Structures are given as structure tokens and as C-alpha cells.
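After this come two complexes, each holding subunit A, first together with subunit B and then together with subunit C.
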Partner chain A sequence: MKLGWRIAALHNGLRDATAYPIEFIIEFLSAAIAPAAIQWVLWYAMFKIGGAQTIAGMDYHSMIHYTLVSILFTQIRGGDHDFELAEMIRSGQLSNYLLRPVGVVEFVYLRGLGPKLFISSFCILLGIVIGFVSGMSPLRILGSMLLALIGNSIHYQISASLSAVSFLWEEAYSVLMVKNMLVSLLSGELIPLNLFPASYQWIWKSTPFYLYVFGPAQYALGHWSDAQFFQQVLIGGFWLLIGWGLIRISWGLGIRRYLSLGG
Partner chain B sequence: MTSQAGHSAIIEAKNIRRVFRSVQKGEGLRGALGLLISPQYQEHEALKGISFSLEPGSFNGLIGANGAGKTTLLKILAGLIPPSSGQAHVLGYEPFKRSLDFRKNISLVMGQKAQLWWDLPALDAFDLLRAIYEIPTQKYQERLHTLSELLDVKRHLHTQIRRLSLGERMKMELIGAILHWPKVIFLDEPTIGLDVLAAHNLREFLKAFNQKEKSTIILTSHNMDDIERLCSRVLILRSGELIFDGKPDRLIKKGEGRLRIRLMQRPTLETLQQVTGLTPNLIEIDSNEGENDSNPSIHFTLKQEEFVPTLQSLMTQFQIVDMGIEEQSLESVIHRIYEEEKTQ
Partner chain C sequence: MRSLRYFLDIYRVQIKNNWVREAVYRSNFLTSVTVDMIWMVVEMSLFTIIYANVPTLAGWTRPQVYFFLGIFFTSDALFTTFFQRNFWTFSDLVNKGDLDILLTKPVHPLFLALTRWMNITSCFNIILGISIAIHFAPTAGFEGGIRWFLAFFWLGIGLISALLIRFAFSIWVFWTERSWAISKLYYQFFSFASKPDVIYPPWIRYLILTIIPFAFIGSIPARALLYGLKLWEYRLIAIVLFSFLLLNTFLWKKALNRYQSASS
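So, the complex of A and B:
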């Protein structure tokens, strides 16, 4: 595996994402503030106005704690690569990448991952600070970040496979939007997944989305043991294999229908 | 693989056909519903059995009117789309298999499509390309220095691509496309939108690069200056068919010239046809002169022996203000071929 172009792609992606630094910072902050605000309003209504003491074993403070920690991983969850890929297929811009001696899907991913890695190193520092105040171990923060990055890869693999719908229908916007809504709900980005009724827990357990935010938050907060963490890393590896297969099949079939429009 | 001239061919096309199928969208609500329930498809044959082979190190022009199939052919040769039938071989590879070695040795520049990253300075993009093509650092520095000097863009290397003028951007695209010294370069209208000086510089550069590096180049352009000055061989496509393959001077028939004439009157093409007995593709009324100009130049493509009879017949009907005899140009020949396409 050649590292040269991969490292260059990561670096180039970071340079591209930070070409407009103010925009980059605003995007980073708003991505953190929006889900946190929604959660805070929800917990306030349930605990302070509704008078609830605990929900699914969590009180007001543990909910707020979950919210703060989950923000760290929401930042890593994945960008809009899928929309970018779908648009590239539709507009013919994909041709630029197909001509290069690199894998298109991997190249686009690495360019998108560049800024995420930068953000994740910032989040690790932030997590260590939060951990210092609330008693979370720095090792757990690092482990959680690893899980979140595995989640990021899985998210991209699923997104890239879905974006291949563009080869067939030209427009894949609604398919990708539905996927994003499901991810918001089933990743633990908006609510902790243990709030799901016991009989519906199988829904989020049977998707890999919980590895994006809920899983890392559980490990960071000490709700998962080290053994459970390693088990989840293995499950993540399994989903990565499935994602790899999905990309091979969807792009292998789709590329034959590519029209390379424009020009 | 052996080309017509007996050399080993670097690019070979054998009976290439490409059919595109597109959905026909009807008007209004009925059309939208129809699209949902029973979509209607239309097939368009963009290439109709094209065959040719090109020698290593040759500079070839690919010309044709809009929709003749030029870009489709380039896309097939570059491996972006497969042919519907027939075979293409470039550098001994089947392009659509897109093997790594094939992609390392080719390049496609599309004048209408940006390939570099819009928000980054050109230097950042070139650095990424250096890593992708595994160009040794020293070689990369040398090439970048040579190319940026030749194209006079050194001072713009640190400027965001989107802030560059069209000409400067095109030059950067070209540098990005050939930094890896490809053996085969496909250029799709590289001088589109460039001013006269920029186009001239680009042409000179391409000529020098082709001669020095012996890269095989296929150039499509609507600018006949590009073709005339650069290409040793021309392929002309008309409605998906290859109608000419040879040296540019073979297009200009010996003993043929152009009679340029300006009349007091402003006759229609039909009237000129009736008076001279010539077919419409041999008569060209200069469209560059404004509608209000009452005496536009009219060009007649004629054999030597036809000059006097044509002049005589014109003088019986019109008053001649100005006239002259010009040599046949490649541009006028191509113009005639395009006109023939329209009338087919």
C-alpha cells in the first residue's frame, strides 16, 4: 500500500477545507452547537419542566454529560462526501478523478478525512480537558476517538455505495437525505440510544450507525468495559468489510453506466 | 499493431461504435406523468464504426462540427466510457480497463472543464499530483520550473485557481495535465476562450513539448490555426463517421482557389446559386460582417478553369465593387465540410 499519495491527499483535503478559515470555524462550531441545543432543550423539558427524575437510568446531569461528550464524536461522524460523489457522477466531474492512477472512492474519502483528522485531534484535547473535570480517562478518550474514526469510515463506505445510485438515476439527493435522517436518529447524535424502548433496541443494534457517536460516548463515559470496547472494534471491522464489498459491487456495476457528461 | 505508415501504432481504434440512450422528457404535467409511468427512450449513435491508428510521437488533429463525436471518441480513448462495440487500444492497453500503468501514462485536458481544485493555489494541486504520479522531487521541481517559465505563469503559482484569468487557468490545467510527462495527451479544445497571444503561446508550447518529448497528442479544436500549425495529421468526423484521415494539405485540393467578390447588390444564396450554377457548399457569404452591411464579401471555391465563366455570369446580373483571388485555406475547406453536414 503506497502511503505517499494518501498522505498528500489528506494534506490537500485539509488545505482545501481550511482555504476559508472563518467558514471552517463557523461550520465546526455550528455542527457542535445545533445538536447540543436540541438535546439541552429536550432534557430541560423532560427533567425540569416535566419533573422526571431518571429516564432509562439516566438523570439530568448524566444526560447533559452525554450531550457534551457526544458533541466530540458528532464532529467526526462524516461529511458530505456522498453528496459530493453523487454530484460528481451527475455532472461528469468524476472524469477528473477517473483519469488519475488512484482509486476514486478512496481518494475522495481521504481528501474529506483530512479535516476530520484535524478536528479529531482538537476533540481529543477537548475531551481530555472535559475528562479532567469529570473524571474520564484520557485512554478512554483516545479509544473512543478510534471507534469514532472507524464509524467515519463505515459512514463513508455506506454513503459512497448509496451515491452510486446516481449512475442509475442521475439524482441521488433524496436517497442520501433519507440515509442522513436515519443516521441522525440511530447514531446517538440527537438522543442516547438507550432511550429506545427495550423491544426496539434491536433496530439500532442491527445497523453500524451507533458506532459513530453513541458507541464512542458510551466508552468515554465508562458505560462500556474494555472488553465491550474491543468487541465493538471487531464489529466495526466486520462492517468495514461489508462496506468495502458494497463499494466494489455498486461502483463496479455503476461505472459501466457512467456517461462522463460535459466537455 | 501497425499503422498505415508501417510504424507500430500507439493508438488504435477498430470499428468503434458508441450509442447513447436518453430519456425523452415530454412537456407539462402529462410529460412528467409519462416519464414516471412509461419513459420513452431515444438512441443516438455518436460514433459509427470509427477505425484508425496513430503513430508514436505524432501530433494529430481531430475536427468536426458540434456533435460530430470528437469528445466521445476522446473519452473512449482515455478510458472514461466504454465503446458500445469495437475495440480501442492505447499504449497497448484497453482504455476502459483503466489499469494503473495506463492511467499513469495518459492525460486528458478538457478546455471546458476544470480539473484542478478551485479554492487551492495551483502549487498545492501540483504537489498532490507529484505524489499521485510518484514524480521524484528534483524532477518535479525541474519540470515545474520549465513549464511555468514556458507558459509564463510562475508568478501565479501561489494564487487560488479561481482567482486566475481564463488563460492563466488553462495554462495551469495544462501544467497539471503534463507534469507526469504522459506518453499520450488528449487535448479537447485547449485554446477555447483564450486571447490571441495566450493561444499562440499555448500552441508554441505544445509544439515544443511534442517535438522534445515525443508524446503522442490528439487535439480537438474549432480553431483551424491550432490544427494548421500543429498537426501533421488530421482526422475529420462528420455525424459520427470518419470522413477524412490524412495530412492537412491533402484537404486543400490542388488547382482550387477562392474568388472573393463584393457586389453592389445583396443577393441571396439561392440567387447566387442560380446565377453561377454552383452548389451552396461552394458559396460562402461572409457572416462576420454586420446585417446592415449592404455589400458583404462573398467567397466562391472554384477550380482554375471556373474563375472566368463564374465572373462572367456574375457580371451579367450584378455590379462588382471589389474582387480578388485568394489561396484556399484549411479553414474554408473545413467550413465547407461543416456546411455539407448541415445539408445532409
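So, the complex of A and C:
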């Protein structure tokens, strides 16, 4: 297993993302603040205006706490590298990568992971600072970040498999957009998933998306025990295996149809 | 009058050209409709989950919020149909020097820059949005009847607001060269438009009614139709939109002075 090109890809991705530092900071802040502000607004409307005391076992302060902690993990999930893969297939640029002695899916992932690792380091520090005030254990924050990074890998694997639709259909970006919309609701980025009515809880439990934001936030906040955390890491590992299989199948089938002619 | 007719003639040609292009890329229709339908479902699901936990949200019942969403979806679909694609290519106008060609035409370059591309397939989403509003109107307490004509006026206000705000976010490409982050910032703020303004804390509500008036896209139109507005709110809308028009005109002139025609 050659590490050289992998480290270079990570480094290259980080440099690419931070080439325009002001853009990078604006993107980071806007992606963090807007979803949190929307959450806070909802809690404000439900508790302060509506006068509710507890909702799904959480009071106003628990909701705010969840919102603050979820910001740390919303920055880790996702990225646009799945769209990059789909565009490479559609436009025929994939050919350039097929000539190189690296796996294209892994290469694109590592390039996208570079800035995420940088952001996750920053979020860990931020989490530790928040933890000092709110009493969250630094170890739990580290564990949560690990879960969020597992979520990031699963997310990319699913996205890379979906981007293989580009081998068949040039409008594959729409599949990725639909996936992103579902993820935003089912990851816990918009609302804590325990707000789902009991009869609909199975929806988020049957996808791995809750491992992106809701799961890490639950562990960081102390709502999950260490045993539950390790159970979720195992579940994450299981989803990683499924994701790996999905990539092998979808790209194996797709590459046979690839004509390298562009879209 | 002659000038207006001239612009209308050009606009008619733009629609024809876009229609021909859409006819070529027919699969785009299915794609666009599917993506927007899922987006609508996700937005409605969010409120469905919230209303599973509380009976009202800042005094708004579930059908009232769905009615608001119908108006918001329609307003957004109008913007998507007629303007959105032009903003996606707006940075190319500056960075690749494509604006050169528009500046040489005997029409206002901004008119061409903002109307060249349309997304005709999004017309279907206009129908979807209106259908949602019509479906929930009776239970939301909307009187209906002749008041539906008011909906056209308020949708027009929503469209103009979206256009002015989006332009105010895009024009900075003349200075920053890369507009990707600012465009993303627009879409992050845009999520404020997808909730009724009454649920916001006072200072955020103040912001979305003045400095970044995203509430004008869907929330104010829906509230005006459901409850009517106070006199000061009508004045506020007029002042804010007029101020944005002045600001955008000022920035456009400054931007043209700065433009260096990258392609030449």
C-alpha cells in the first residue's frame, strides 16, 4: 500500500480548497452558521413563542446545546467531490485518471478529505473549548469526531456509487442532489432525529445518514454510553463494507460502458 | 412605449431560443421536476415532523405553513424559470470576458445578462407550488375567490425580491473574481426564506425584512394573503425594494467601470 500519492492527494486537496482563503472561510462559516441559525429559530418558535416546556424529552437548553454541538459535525460530512466524479465521467475527463497508477475513486476522495481533516482538527479544538464550558469530555469529542469521519467515508462511498449513474445517464447530478436533500433531513443536521414521530423512527434508523451528525452529537452530549458508541462504530464499519461493495459493483459495471467521448 | 415593445420582442426571441434548447434536452425535464419535487417533500417533511410535536408554530397551524410553502415554492419556481440560470453563468461573464459581447449589443447589457437563459421545465414546479397552495388554502383560512388575483401581485413581489437579492450577492464577482463562496452564502441565507417570518426572533426577523429581505420571497406574500399587512409593512416593502434597486444600479455602474474585459 503506497502512502506517497495518498498523502500528496490529501495535501493537494487542502491546498486547492484553501487557495482562496477568504472564500474558504466564508464557505466554512456560512455552512456552519446558517443551519444552526435555522435550528435555533425553530426552537425559539416552539419553546419561547409557543411556550412548550419539553419536546421529545428535550427542553430549550438541550435543543440549543444539540444545535451548537451539531455544528462541529455538519462541517465534516459531505463535500462536493461526488459531483466532481460524476462530471469527470460525463465530460470524459475520467480518461486522464484511468491512465494514472492510482484508483480514481480513492484519489478524488482523498483530495476532498484533505480540507475536511483540517476542518475536523479545528472543530475538535472548538469542541474542547465548548466542552470546558458545558462539561463535555474531550475524549467524547474525539470519539464523536471519529464517528463523523466514518460518516464522511460512508457518505462518499454512497455518493461515488451514485455518481456511477453518469456512465448511463448524463443527468446523474440530480441523483446526487436528491441524496443530499435526504441526507440533510436524515442526518440530524436540521433537527435532532428523536423529534421524528415514533412510527417514523425506522426511516432514519435504516440509513447510515444518522452517523454523520446526529450520532456524533449524541455521543458528544453524553446521550449515548460508551457501549452504544462502540456499537455504532461497528455499524459504521458494516456500512463501510457495504459502501465498498457498492463502489466495486457500480464502477465495475459502469466502466465497461465508458466510451471516453464526453457528455 | 416603443422601447418597451423592443424589449418584449427580444424577450420573445429569448423564450423561443430557450424553448428549442429545452426540447433538445428532454431528459432534463424529468430530472428537474424530480429534484424539485424531492426538495418540496423534504421541506414539507421538516414541518410535518415539527407539527408532530407541537400543535402550532408561532401561532401558525400546519395547513397555514403548508399554504406558505405552496406560495414560497411558486415564487421560487418563477425565479428558477426566468432568472436562476443566468446567475450561475454570471461569474463567467466577468471572468471569461463574455460580457464584452453583451456590451456591444444595442440593448441594455444587464437585460441580456439576466434574461438570456431560462429553465422552462421549472414551469411545472410553478404548477406544483400553486397546487399545494390551493389544496391547503381552505384549511389555512384563506378566503380565496377574488383574493386569488392578489396572489399574482404578491408572487410578483416575491420574484422581484429574489432577483434583487440574488443580484446583490452576485455583483461582487467584479471585485472578488470568484463568486462561488458568495453564491453559496446566498443559498445558505436562502433557507431563511423557507420558513414563515413570524417564527424568527425579533433581530433575525428585522434582518430578513430589511438588509437581507428573504422574507419577501414567500413569507410576506403568504402572510399578506392569509392575514393582510399593516400600512407600515407595505411602506417597508416599497422602501426596501427601492433601496435594493438603487444599490444594485449603483454597484452595476461601479462594476462596469472596474471591468477589464479579461478575454481581450
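Keep this in mind: the second predicted complex is superposed on the first by the 261 of 263 C-alpha atoms of A that agree within 3 Å, B and C clash if a C-alpha of one lies under 4 Å from a C-alpha of the other, contacts with A are read in each partner's own complex, and residues count from 1 in each chain.
Assume a residue touches a chain if its C-beta (ideal position, glycine included) is under 8 Å from a C-beta of that chain, and two chains touch if they have at least 3 such contacts.
Bear in mind the structure is a predicted one, so any value in this text is a computation, not a measurement.
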Determine, under the contact definition given at the top, whether A:Trp169 touches first (subunit B), second (subunit C), both, or neither. second
Is A:Ala56 touching the first partner subunit B, the second partner subunit C, both, or neither of them? second
Touch test for A:Phe196: subunit B only (first), subunit C only (second), both, or neither? second
Just to be sure I read the superposition right, which of the two partners does A:Tyr20 touch: subunit B = first, subunit C = second, or both, or neither? both
Which chain, subunit B or subunit C, ends up touching more residues of subunit A in the combined arrangement? C
Once chain A of both complexes is superposed, is A:Met181 in touch with subunit B (first), subunit C (second), both, or neither? second
Subunit B versus subunit C as contact partner of A:Val102, first or second or both or neither: first
Subunit A positions within both the subunit B interface and the subunit C interface are 20
The subunit C residues in contact with subunit A across the complex are 27-28, 30-32, 34-35, 38-39, 42, 45-46, 49-50, 52-54, 56-59, 176, 178, 180-182, 184-185, 188-189, 191-192, 195, 199-201, 204
Listed in rising order, the residues of subunit A that touch subunit C in the complex are 20, 22-24, 26-27, 30-31, 33-35, 37-38, 41-42, 44-46, 48-50, 52, 55-56, 169-171, 174, 177-178, 181-182, 184-185, 190-191, 195-197, 200
Subunit B contact footprint on subunit A (complex, rising order): 2, 4-5, 7-9, 11-12, 15-16, 19-20, 92-93, 95-96, 98-102, 256, 258-260, 262-263
Can you check the complex and tell me which residues of subunit B touch subunit A? 20, 71, 75, 78-82, 98, 100, 103-104, 106-108, 110, 112-113, 115, 117, 119-120, 124-125, 127-128, 130-134, 160, 188
